[in-house]
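Dropping the structures in below, format is C-alpha cells.
What follows is chain A paired twice: with chain B in the first complex and chain C in the second.
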Partner chain A sequence: MFSAAAPRRGSGLGFAMPAILLLAAFFVIPVVFLLTRSVTEPQLGLQNYAALVGSSTYAKVFFNTFFVAGVVTLVTVLIAFPVAWALAIMPARWSAVVFAIILLSMWTNLLARTYAWMVLLQQTGLINRMLKAIGLIDQPLQLTNNLVGVTIGMVYIMLPFMILPLLGVIKKIDPAILQAAALCGATKWQALTRVLVPLATPGIASGALMVFVMSLGYFVTPSLLGGTANMMLAELIAQQVQSLVNWGMGGAAAFLLLLVTLGLYAVQLRFLDRKEAA
Partner chain B sequence: MTPFLHINGIRKTYGPVVATDHVELSIAEGEFMTFLGPSGSGKSTTLYILAGFQDPTAGDIRLRGQSILQTPSHKRNIGMVFQRYTLFPHLSVGENVAFPLRVRRMGQDEIAQKVKRALSLVRLDGFEDRMPAKMSGGQQQRVALARALVYDPPVLLMDEPLSALDKKLREEIQFEIRRVHQETGVTILYVTHDQEEALRLSDRIAIFNKGKIEQVGTGPELYANPATHFVADFIGDSAFLAGELAGVAQGRAGLRFADGSTVAAVPLHGQGMAGQAAELMLRPERIELTPEAGPEGASLPVTVEDLTFLGNNTTVSARTGWGAALTVRLNFGHPLAARIARGDKLHIRWAPEAAHAFVKG
Partner chain C sequence: MKKTMIALALASGLTSAAHAQDMVFTSWGGTTQDAQAAHWAAPFTEKGGPAVVQDGPTDYGKIKAMVEAGAVTWDVVDVEYDWALQAGKAGLLEPLDFTVIDKTKLDPRFVSDFAVGSFYYSFVLGWNPANFPDASPATLADLFDTAKFPGKRTFYKWSAPGVIEAALLADGVAPDALYPLDLDRAFKKLDTIKADIIWWEGGAQSQQLLASGEAPIGFFWNGRLSALQADGMEVGISWDQNITAADALVVPKGTKNKEAAMKFIAEATSAEGQAAFAAATGYAPVNLGSADLMDPAIRATLPDAQTAVQVNADMAYWADHRDEIGNRWYAWQAQ
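Let's turn to the complex of A and B:
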C-alpha cells in the first residue's frame, strides 16, 4: 500500500554498475588470474605456497613486512592522536591552515617525498649533521638502507591516513565531557585513558587498519629507503615477477597479502558490529 | 564569621571585554543560590571560575576560608551538572556514576554501595547497566546529578541543566532537584536565565547584568523591593512610565509626567534631584482599576484600549493621559470586568509601597 512512497533498497545498484564492472575487469579477473598462476606454475599444486611458508628467506620478508607495518601503525597512532586533538580544538582558521598543510603533503609526489627523506637521512644528511652539531652523536647514524629509514619514511607518508579518521571521531566528542571528567576528579592522564581514547577508538581502529594494510603492500618507500637487504613483501612480488619472471611465486605472495588484508578487514567489521550492537 | 563560600571581587576580562566585574557574594552552607541573568551577563563565567575552567583576572574564591583558585579542577572536589548531557557515552549508567570514585581509587565494595545510593537518590534504582544513549534527556540529567553528588562534594554547580528539556520535563526535574537539595543539604549554585525557574528553586537569587550583580535577595524581596530598573524589569512583568522628578525627600519622590499629571511619595531608588529624568514602575497585579480617581498622588487617569480574557484573569491594556501603555489584571469575577469597554475613561490607583521610582542614569 505504501510501496510507492517507500525508498527502494535495490535502486542504487544501477548507479554503482560502472564501478562494479570496472572492479570486475581490473581487479577480480587479474586476482583470479594470479591465483591460478600461483597454483599452476611451474606445475599444478601448492608448491609456491609451501616455498613461501617454508623458506627462512621468505619468512624474513614476511617478518620485515609485518614488523615494519606494525611499528609504523603504532608510531603513527601516537603522533596522529595529539595532532588530531589539536586540530579539533584549535580555532577554525588555524586548523584550516594546518589541515591544508597536511593535505598538501599528501598531494606531493610520493617519489619526491621519499627522495627528500633519503637526502635528510643519509650519513652526511641534515639529520645526522644536526645531531652531531648538538653533540648527541660522534659517528653518523645509519638511517638509510635499513628498516629504521623505512619506518621513518612510512610513518611520514601514512600520517594523514591516520589523522583524517581520528579527526572525524574526535570532532564529535563534546569538549564539555572532558570538563566533566576533570570535575569528577580525573587527572589529565585519567581523562585521556578513560574517556578520550575509548571514545576515539572507532577512529583509531579504522585509521590503524588503513595504515597497517597500506604499509603491508607498500613498495616505493621500502625499496628506496630499505635497500635490497631488508626486503618487504611488495618488493618480493616485484622481484619475482619483474626480475625472475616467476609469476607463480609472485602470485602466491600477492594472494597471501590479499588474504591477510581481507582477514583484517573482517575482524574490523566484526569489531564495529559489536560496538554498534552494544 | 567566615562565610562558607565567599566570591570575593571576581573580575574576568578577555582583552577589552569585561565578562564579570567585582562580583562579590557570600553563600551559606546548604544554601540554594541562583545566578539569574540574560546571556552574556557574566553568570556562567562566574560559575566556570568556581569550577576551575577559567582563571579570574582579579579577585579570590574562598571555601571555608581557604582560597581554591590555586587548586586545579580535578582536585577541587566540586560537583557539576552541565547544560548538555555530558555523560560518558561509552560507559553504562553505573560506570558513569562510579567514575568519580574509580579515579579516586576507592574500593570495589564501597563504590558499588555509593553508586547504588546515588542512583536511588535520583530515583533511578536498577538502571546501572543501561547505556546513556538509551535514556531520555530527563533521565540522563538525573544520572549526571547522581554522578555529581556521588563523592559528596561540598558545593554543587548547575549550569542551566534544564535548558535542553521540554517544559513538562523541566518542571518534573525542578521538583527532583529541590528534593535532592533537601535530602542531601548540599550547597547549590545554579545558573539560569529563566526567572520562574529561579523563583521556584532558590533560597536566594543573585541578579546578574553586564558582568555585575545588580541585587541579591530572596524571590519575594527582589519582587517587592527591586533595587534597580533592571531587576524590576527582570523579575515579574512591569510597566515603566517615563517622567521627571518633581521633588525628593527622605527616599521618596514625586514625579511629573508629560501631560502635567503628578504622583507623590513613591519609594525612590538611586540618587536624584528635581528635574532629573526618572521612571515610575507599576506591576499589573498591584494596581487597581477604578471608576473614580484614587487618593491624590497614588492615582492616574487612563483610557481602556483593549480587553483580553485569559481564563483566571482579564488583562486590560490601557493608556495614560500622555499616551504611555500599561496593563492591569482583573481577577475572574471582578465586578468591573463585565462593565468596561474600549474607550472607557477610568483611573488606576495603588498602595504607596507598590510603586517604585528609578532615576534614569
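Let's turn to the complex of A and C:
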C-alpha cells in the first residue's frame, strides 16, 4: 500500500515491531515481574540474594552450572569441528545424508533421548554389558549419576547447535587456501592450527556461546543423568518455584543466571567486533 | 497491575483452557491419572456432570500464580496432602463444601477444611530377588545396610514425607517418637548411604531402576511394585513399617466452576469411585465404604490391609515445616 516514496526512516523498526511486542509481552514483562518478586518476597529487601550468595550449597550449585556448561562446550567443540569439516569436504550426496541424521536427532523429544541415554549408560545398561562381554572391564563403569553422564547426554543434544554455525563458516573457507598453506611448507597440523581454526573462529565462537548459554539453563538432562551432586541452577530454580513455591528465591536465582548470560553475550559481541575490525 | 502482569505471564500456559461449561481436573499423569479419568471423571460426566478435561502435571507454582492472577483454570487438583494443608492456610484453596461431599464416610486421617484424601499409599521396602538370592531384606534397617545388602538403593528424590521417616526408623527411632523429626539424625543416617543412592523422580523411573537391577533395592510407592508384579516380574516387598502418605483433592481459590468441583470431589471420594480406583492402581481408598465393594484378593495387596505394621507420616507436621525441611533436603542433596 505504501509507495516507494513513503519515508524510509524508521521503517525497519516498523517491521521489527511484532517481534518487539512479542518479546515485551512474553519475555520482558515476566522477567521484570520475577525480578520484582525476588526483592519483595517474603519482604522488601535483598534477603534472597544474600541467601544465594551467602550459602555454600548455592555457591556449589553456581560452580556446577558453569563447570558443567564449560565442559560440555569444550567437548562439543572438539567433536563438532571435525564433523563440520568432514561435512564441508564430503561429496554433496553423502553430506546431505549425514546432515539429515544430525537434524533428525533434534526432532526427537528431549526427554525420550535422555531416557534412552539412561538405558544405554547405566551399570546394567547396553554399553556396560557390551564392554563386559568382550572382556574390556570386570566391573561396570559408573556412567550415570555423575559428570560423565551429564556430559555425554548434553553434548549429544548440543552437537547440532555447534555443527550448524561451524559448517556455515567452514563452507566459506576457500579450499585453495589450505593448498596454498601446504605449498608454502605447512604441515597438516600447522595448516589446521594456523589457517583453518583461525578462519573458523567466528563460527566456533558463536556456536560455543550458544552451546554454553543453552547448557547454563539446562534442566532435564542434568537432573536425570547427573544425579543430585551435579545439581545445576535451573534445577534449583525449579525446586524453589514448583516444589517449595518460594518465588522470591527462585526469581533471584533466575535473575542472576540471566545477568551472567547477558554479560557473557556482551563480552562475545565485543570480542567478535574487535576480530572483525582487525 | 501486579495481577495483570501475572496474567500476562501465565497467558502462554493457558492454551489448554477448557470450554466455559467444562471443568478441568489436574493430576500427575501416568497410570494414576488414567485411572482417575476412567473411574472418577467418566462416571461423573455420565451421571450428568460437565465434561472433565484432563490436564497436568500438577505444579504448585502454577496454582499459586493462577490464584494470585485471578485466572484459575484448574478446578480440581490432585496434590500432596501436606502441601494441601499448607496451601489451605496460605489462602490458596477454596474451603470444601461438606454439604456436597459426605465426609462421614471418609477416613478421618484424610479429611480437613480445604482438602480430602484422593487416595493413600505406602512407601514400602522393595527389592529385586535376582540380586539377593541368599537372604531377603526385611526391615528398613536392611535398606540402609550396605554390608548385608550391597548395591545401589533408590529413593524418592523430592522433599516429601517418607524418606526422612524411613531413615529415622532404620536408625532405631520408635514410630511414636518420630515427630518432631530429628533432621540432624535423619541426614546423618542418610549420609551413611549417600554415595549409593540413585534418586527416582517419578514412578516409572523407580520401576525401571528396580527391574533392570540398576538399583536392586529401594523405597517405593506400593502401587508401582504391585504393577511390576502384575506384569509378571518377581518383586520382593516388605510391609514392615510401611510409611503412609496421601494425595489430596483441592479446589484452587477463585475457580469459576466451584459447584461442579465440589460435586466432582464427592464422586471421586464416593465408595464406588474409590474402590474402582484402588483396584486399578494398588493405592488404598480413603472411603471407609469401599472395602466392602472390593475383591478380597485385591484388598489384601493394598496398604489398608497393612495397618498393623504401618507408620503414618504426620501431614500436619509436614505442612508446618515443609519449607524448612525442603530447603535442608535440597541443600543436603546438592552437597
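Convention: the second predicted complex is superposed on the first by the 269 of 278 C-alpha atoms of A that agree within 3 Å, B and C clash if a C-alpha of one lies under 4 Å from a C-alpha of the other, contacts with A are read in each partner's own complex, and residues count from 1 in each chain.
Convention: a contact is a pair of C-beta atoms (placed from the backbone, for glycine too) under 8 Å apart; a residue touches a chain by one contact, two chains touch by 3 or more.
Here the structure is a predicted model, which means the values were calculated and not measured.
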Practice prompt. Overlay done on chain A, so just call it for chain B and chain C: clash or fit.
Written response: fit
Practice prompt. Once the structures are superposed on A, label A:M231 by its partner contacts, choosing first (chain B), second (chain C), both or neither.
Written response: second
Discussion item. I'd like to know which partner A:A92 touches here: chain B for first, chain C for second, both or neither.
Written reply: neither
Item to complete: Could you tell me if A:Q122 is touching chain B, chain C, both of them or neither one (first, second, both, neither)?
Response: second
Worksheet item: Touching A:S223, do we find chain B (first), chain C (second), both, or neither?
Response: second
Worksheet item: Does chain B (first) or chain C (second) touch A:L136, or do both, or does neither?
Response: neither
Item to complete: Could you say whether A:L44 touches chain B, chain C, both of them, or neither, answering first, second, both or neither?
Response: neither
Worksheet entry | Partner chain(s) touched by A:L244 [first = chain B, second = chain C, both, neither] | second
Fill in: Which of chain B and chain C A:K60 touches, first, second, both or neither
second
Item to complete: Using the superposition described at the top, determine whether chain B or chain C touches more residues of chain A.
Response: C
Worksheet, complete the sentence: To the nearest 10 degrees, chain B and chain C lie apart, as seen from the C-alpha centre of chain A, by 150
Worksheet item: Closest pair of CA atoms, one in chain B and one in chain C, after superposing: how far apart in Å?
Response: 46
Item to complete: Enumerate the contact residues on chain C facing chain A in the complex.
Response: 2, 5-6, 8-9, 11-12, 59-61, 64, 152, 157-159, 198-199, 201, 208, 212-214, 322-323, 326-327, 330-331, 333-335
Discussion item. Going by the contact rule set out above, which residues of chain A touch chain C in the complex?
Written reply: 25-26, 29-30, 32-33, 55, 57, 60-61, 64, 118-119, 122-125, 145, 223-224, 227-229, 231, 236, 239, 241-247, 250
Item to complete: Provide the residue numbers of chain A that touch chain B in the complex, in ascending order.
Response: 174, 176-177, 179-187, 190, 194-195, 198-199, 278
Discussion item. Could you list, by residue number, the parts of chain B that touch chain A in their complex?
Written reply: 51-53, 72-80, 82-84, 86, 88-90, 99-100, 102-104, 131, 144, 147-148, 151
